[in-house]
């Protein structure tokens, strides 16, 4: 189980390939992997967005993400989990977040990945400030599960 | 929207990286990607499994997968979809199936990916024959959403 | 009336052939095509069938040149059941 | 009693500082810490707060050496809302 806060750009598919290569003891054990990748768009609420700054609360963020992975591990039979979350300056089309869950059965993989991203979005201390053409604005709130 | 039946091994993360690189007109448009990868396990129903043969109905399989992607495109706002399914001889730890959905919002990405894999498993003409240590056996049925 | 009949997976093994081209002179439905090729074996309840690569029912009507397929329940997708 | 107070995001900008170390002689709860640092501004209803990096409530008790943080609703994850 790995949680990473990254200040630089990352390639989610590359990260998944690397991570899975290190899961050597689990080869042949998992039948299902569900991955969610959240990407920066170039529009939001009808406005063009040119980039953004993602602020976080160092240490508390990591602590909170650990908490939700432990909760997920109690609810589902998980062989492994990976969470990577970007902070700092982010440009459109950049991946912001990656969550992945490896399980024996597919229902658990879907449910755990969904749980992780919903808990992450609703409670983990990150804040987005978008750069519009003429001004900046803080994103006020994440809509639930939209 | 791409559907592929593959006779050889594939790396799902590599396929996703390559596929996404060709989605040039959609850069910055999608905010969410959900991916499901089904992998061959080395055990099933309590038995060691050393490999398997995946049979399909050429052309009907492709036709059926096209049908479910069109149904998904009617139900959700999808920017793109990718399905890759392996056929032929498969070894433990080999990816068997990849489904991926790109959307603006995460709920649609999760729901569409789940829909695609459930429809694929329940109705698309593929059949698995497992190689156990002492004998071969046809997998009788996929359990629903387990 | 020329009909191409195909069998897949465990049914293909049991029938000991991948398929057969028949002259279905008296068969008007899929069930009747089955009767002609299966040597009197009743149509298994869980068997799936298709006409020209679309799922069909036992009473679906077949026409000259059709491809009719019979196969067991499908088991594609990951090994995650 | 020494308390480290931190502000994040729009609140950090509004307070014009990332945080402050205070001697909270009279503050026993988070709400009282807020009163001491906010110059009389009432505690905003949607503000979130944490003590030592665990979510807390306005009436949570603070102790010497605690780190208290105030921040607006969180907006992490993808840009997929």
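Labels for the chains are A, B, C and D, by order of writing; each one numbers its residues from 1.
Everything below uses one rule, namely that a contact is a pair of C-beta atoms (placed from the backbone, for glycine too) under 8 Å apart; a residue touches a chain by one contact, two chains touch by 3 or more.
Being a predicted model, the structure only gives us computed values, none of them experimental.
Visitor: Can you list every chain that touches chain B and also touches chain D?
Guide: Looking at chain D and chain B together, the chains touching each of them are A.
Visitor: State the remaining connectivity among chains, in groups separated by ' | ', when chain B is set aside.
Guide: Leave chain B aside; others remain one piece.
Visitor: Compute the centre of every chain as the mean of its C-alpha atoms, then state which one is farthest from the centre of chain A.
Guide: Checked the centroid distances; the maximum from chain A is C.
Visitor: With centres defined as the mean C-alpha position, give me the chain C-chain D separation in Å.
Guide: Comparing mean C-alpha positions, chain D is 70 Å from chain C.
Visitor: Between chain A and chain B, what is the gap in Å from one C-alpha centre to the other?
Guide: Roughly 22 Å separates the two chain centres.
Visitor: Can you list the residues of chain D that touch 2 or more other chains?
Guide: 78-81
Visitor: Can you list the chain B residues in contact with two or more other chains?
Guide: Counting only residues that touch two or more other chains, chain B contributes 31-32, 36-41, 104-106, 109, 117, 146.
Visitor: Answer with line, ring, star, complete or other to describe the graph linking chains that touch.
Guide: Shape = other; not a path, cycle, star or full graph.
Visitor: So, with touch as defined above, which chain pairs make the list?
Guide: Chains touch in the following pairs: A-B, A-C, A-D, B-C, B-D.
Visitor: Tell me, which parts of chain A touch chain D in their complex?
Guide: Per the touch definition, chain A meets chain D at residues 36-41, 44, 49, 52, 54-57, 59-61, 63-64, 85, 96-97, 117, 120-129, 138-143, 146.
Visitor: Spell out the residues on chain B that touch chain A in their complex, using ranges where they run on.
Guide: Those in contact with chain A are residues 11, 13-14, 16-17, 20, 27-43, 92-93, 104-107, 109-110, 113-114, 117, 145-146.
Visitor: Looking at the complex, which residues from chain C come into contact with chain B?
Guide: 6, 8-10, 48, 50, 53-55, 69, 71-81
Visitor: In the complex, go through chain D and note every residue touching chain B.
Guide: Its residues touching chain B are 78-81.
Visitor: Over in the complex, which chain A residues touch chain C? Could you list them?
Guide: So the residues of chain A touching chain C come out as 31-32, 103-106, 109.
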